[in-house]
């Protein structure tokens, strides 16, 4: 029973990672940028939700929508201000910019409100269900559901809709995409809007589920989501979700064996092992460059 | 033709997923020959080069270089054994100077160790100077010595193509593989290229295998031609034989193409 | 339908086009020939909006399109098959073609054009589910052309469509170009294969280090001794 | 107004300000602790200056950010001592970053006072020698651990306990091992010992493990940021045994994080209780709320605040800003009444003060008992 | 050839003159401890930047876990001096060697992984190293290890000089060119007979050796080492030096290490806005000079032809 419980613990942890990794992988897939700012957008989303709930008394769903909207706009602004100029530069320059922007956001927030944590109000009833002797909180079920549904929606958007095809075209060759009549700027903005809205949603859900939020909260989940995305194969939407689950379960199992201190190390070891055998992640096509 | 073949490819094949890109390919090259490999787009010509140079490992068959089996050997080892190549789409070391591009290819001919370079021992200077001198001589042949300090990416397209051949030569091959060397050149430039190829063959004692769609070039300088289609060898022989081979006309040349000399 | 007047185009500080003028009339095949690095691709890229001219006028049906974003130019009916194919390597062949019709709304017409493209290039039909990146060079060229046709252009800009193609295919491609042209598409063709290009073109421009050095009817240029020497290999 | 002072040891000889350096974690991983300490410090300095300063001299503060990084802390200490020539340094919030400055404090003979560095080796080096110029305001880790163990056995009648400690913090580890030692020595059994790493958010798998060991009591040394979540998650999972921690829990945020209900049946050892009607304490709480928009102070705020008064008291008694004099005065500190208790400095430069045990009842800290050292 | 040797020694002599002047200023207390400590910190950061430059800038292997090697060097050397009573110099070398061995291990996945996948793997290695130290009580776990001060201007300068000489000399030889060719086009490098595996691993080994040396200097300069000091944000700091300076430019890495260390040190005065200013500087530089301060150029390229170029074997593109 303990093991079943642990497995479920792992899945619920993993679904949080998956939720954040979705937006990550989305942006990565289109502009090939390891968008470190994603963690900060997530944080902004969380705080937006917090203020909406705690000070304006909005309910869960209105706050969620508000936070997604704020983050979508925020993401587009970041892209336009910080990344657009760098489209034709090396990716590593864009990465450093992303790190810079991410520090900037963290410390502007700290400057404004200090570094102390904030506790999320209880907006969603949380019932603990006892199923076959394992304790399942209704909130973790919700998160699981949300990540899977979002994954399906995203997968549909990217592969079936016109805007999705435009995104993929832009990701491969922006100039050729322009020649198809695709508005590259708008497509990239749309990508950021969607990815950031996802981060915003993740931020609110995270806040509700884990209660504690603070200006530096984006760093670790951001990193974990990045790992999850890589694990699944960066840019691949189902990969992000599976990567998130794998990571969550690995971490939980390691803790369950009593090695909680080695948890992050174990996560990385698994990551490296998987990469050695599947150098482009679990779902990544090991596409050697065609010579 | 009585010599032993320098390269002996027998029954080589490779699959990509379900696709048999090359199937039961045979080829014998004798020292000093200049052979053409032609065929429709997607026939598997570049794939043959990739198999010969170790980029892909054949799923079947055998590749013998001077009597030694080389299938599956890492590309750099194949190069050291004496095969070097150019690429269908130019692959230069863009940010390096023209001179350095060539020096890189002389790498395995030099002997000075990391230690002697780090501590600037005598060997380092001797080795580096030798490389530099050789590289400059080679660039002169290709009329690139004037631009030796330019970055490779700043060369005009024709210059890049020539540099790629020069670089391949610097690796010291017995067998040189050229993948569409005339692509993107106008007829006049192609004429110059033909002369250049003949010249280096003499100068460096090379055996050359080349892929090309420009029939003027292929028919003009190749002694024998192999024709691939759908991964299979469909014809082999002298330019005249191949030109009139019905299968080749059907699959590749089309009617009355020669009069048009594309 | 298209007239270009005195345009200058720069890459940073490098002046790649120096006061180029030309015009294309409806129904024509106009070809641009010139050595490597002459600026032919630069010109096409400017026409299709990938590059912006620093100076000069570009008019299409008497409306200025100089410096307009590429998507507006595509919408106006100019399609560009870029040098080096530029297919979307990580997408299927059919998805590439769909993207060609990105701005079109008439799903029936699109379907018809799909069939037409597959008729022109049966090889693409065989490979429609394959990722474009794993096609051979020639197959990719066909795809690039097919993709441009999906936009149903009035003016098609072709940048070295015969590069790297087997002789049979070169012939096919040129036949297709003529066919497209017969169907009412005007064509501006950049070619290294000057023989072929001049044989199907109505008029031609010769471009050298960023300037037009001569122009005229295709026959006239084919007959010129200088041109033969410089571009047709004697 | 910097005086001569060739070695940087003395300064402000006859000036009218006292220059104090604050070397804190204002950014980086533990910025929230450094910021809290600093807010406490600033409040105290403001009060002192408004009340006319120390011996009539205004206190001037130079804050330096050490980015939660030992190297930067060293750098900052060197800057404060050699550039700014401060009279004393208050900092850092955590033990490691304080240790990183200890050598410099000794070498330049500058008093270094850490508000919240609780590891024993802040004042006593690894090889057992005393850091002459280093002091602290908080009590050291083993003390609270011992107090908690005794309380669990004597007052709660616990026989077997589990420990869940923050392994990334020497504070928590120190508390955990002291608790274990005392608890086992008194006949109790530690049935499960688990650890987590600061900044974790999900403790369910570890809690599941603890749960299966069936402890009657869980000791959770750590900081409120994680502890709040641990308590919340533990209660959700149906773990309803008493939980206990130490001053690291003390923050109003803990109540918000865990929820008032989950906090029932939990205990902490602390320096003081903000509910304590004692005048010093209530005065502090009111002033703090006034200055910081109604925010409630946590233990770090109180310790930062106390550090300034501890130092001010020593300077006053020394009657000089000469650093050896201040150091001597600090060593002789006796029964000074601070927010965090009545403090006497012992020969190891650690404060001797009583620990208060508080129970959380419906989100309020309720005074339980006071244990003297 | 003789001339080349001479200019090499000339540069070395100049470097020692610079060293001597600074040393004099330090011992006469004209440079106060704050400045001399900043100088040492700058040396350490330059060593880190230059060693990572070899891996990323020259060989093109996207490694973002340099702090792991720094940690290894720091801990190993601290164990040597504090626990085993070895002399500092020996400890430095030992730190370097152990880090180099780790570089060998980390180099191996680099054979299979590319780009971002390699990046995350190297980051993972660094975190693993950090977590190992976090869990070893022998080195104090989270509380860290106290280390006596031993790093001086002299030691850090000598290490810095050694690092630069070795990496410059390596870069400007056939070996360095081989590494650059891997960065430029791995397939072509392979086809030209370069053993890409060997050179990628070599770059990792040399790079991590010097990061290890930097670790030893670091540990013995800052009194205490703790696992938290070697997190991935530290790796990012080093990465920032390299990219901000200009990928592929050694002098760029040096300049930006100096610049950022100085900026960061002086921003201590503005604790509240420090990180905001720092990150703004970072973003602005990247936006307006995405190729980095120096691009791929070397400072010597601006000096005309007479000086370093000679030492570098007449090659201006190599660095």
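So that you can tell them apart, the chains are marked A, B, C, D and E in the order they are listed, and the count of residues begins at 1 in each.
Basically, contacts are C-beta pairs under 8 Å (C-beta built on N, C-alpha and C of every residue); 3 or more make two chains touch, one makes a residue touch a chain.
Since we're looking at a predicted model, the values are computed, not measured.
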Intersection of the contact lists for chain A and chain D: E
Per Cα centroids, the chain farthest from chain A: B
Taking each chain's C-alpha mean as its centre, the one farthest from chain E: C
Whole-Å separation of chain centres (CA-atom averages), chain B against chain C: 30
Averaged-CA centre spacing for the pair chain E and chain C, given as whole angstrom: 50
Chain centre separation in whole Å, for chain D relative to chain C (CA means): 74
Multi-chain contact sites of chain D, meaning residues that touch two or more partners: 27, 29, 167, 197
Touching two or more other chains - residues of chain A: 107, 110, 261, 264, 291
Multi-chain contact residues (two or more partners), chain C: 134
List of chain D residues in touch with chain A within their complex: 27, 29, 31-32, 35-36, 167, 194-197, 199, 201-202, 204-206, 208-209, 212, 225, 228-229, 232, 236-238, 253, 256-257, 259
Chain A residues within the chain C interface of the complex: 162, 165-166, 168-169, 171-173, 175-183, 287, 290
Chain B residues within the chain E interface of the complex: 53, 55, 74-76, 79-80, 84-85, 87, 91-97, 99-101, 103-108, 110, 112, 114, 117-120, 124-125, 127-129, 131-132, 149, 151, 167-168, 170-171
Contact set on chain D toward chain E in their complex: 24, 26-29, 62-76, 78-79, 81-83, 95-96, 99-104, 108, 119, 121, 125-126, 167-170, 173, 197
Of all residues in chain E, those that touch chain A in their complex: 56, 62, 109, 112-114, 116-117, 119-121, 124-125, 127-128, 131-132, 134-135, 187, 232-233, 236, 239-240, 243-244, 247, 272-276, 278-280, 282-283, 286-287, 290-292
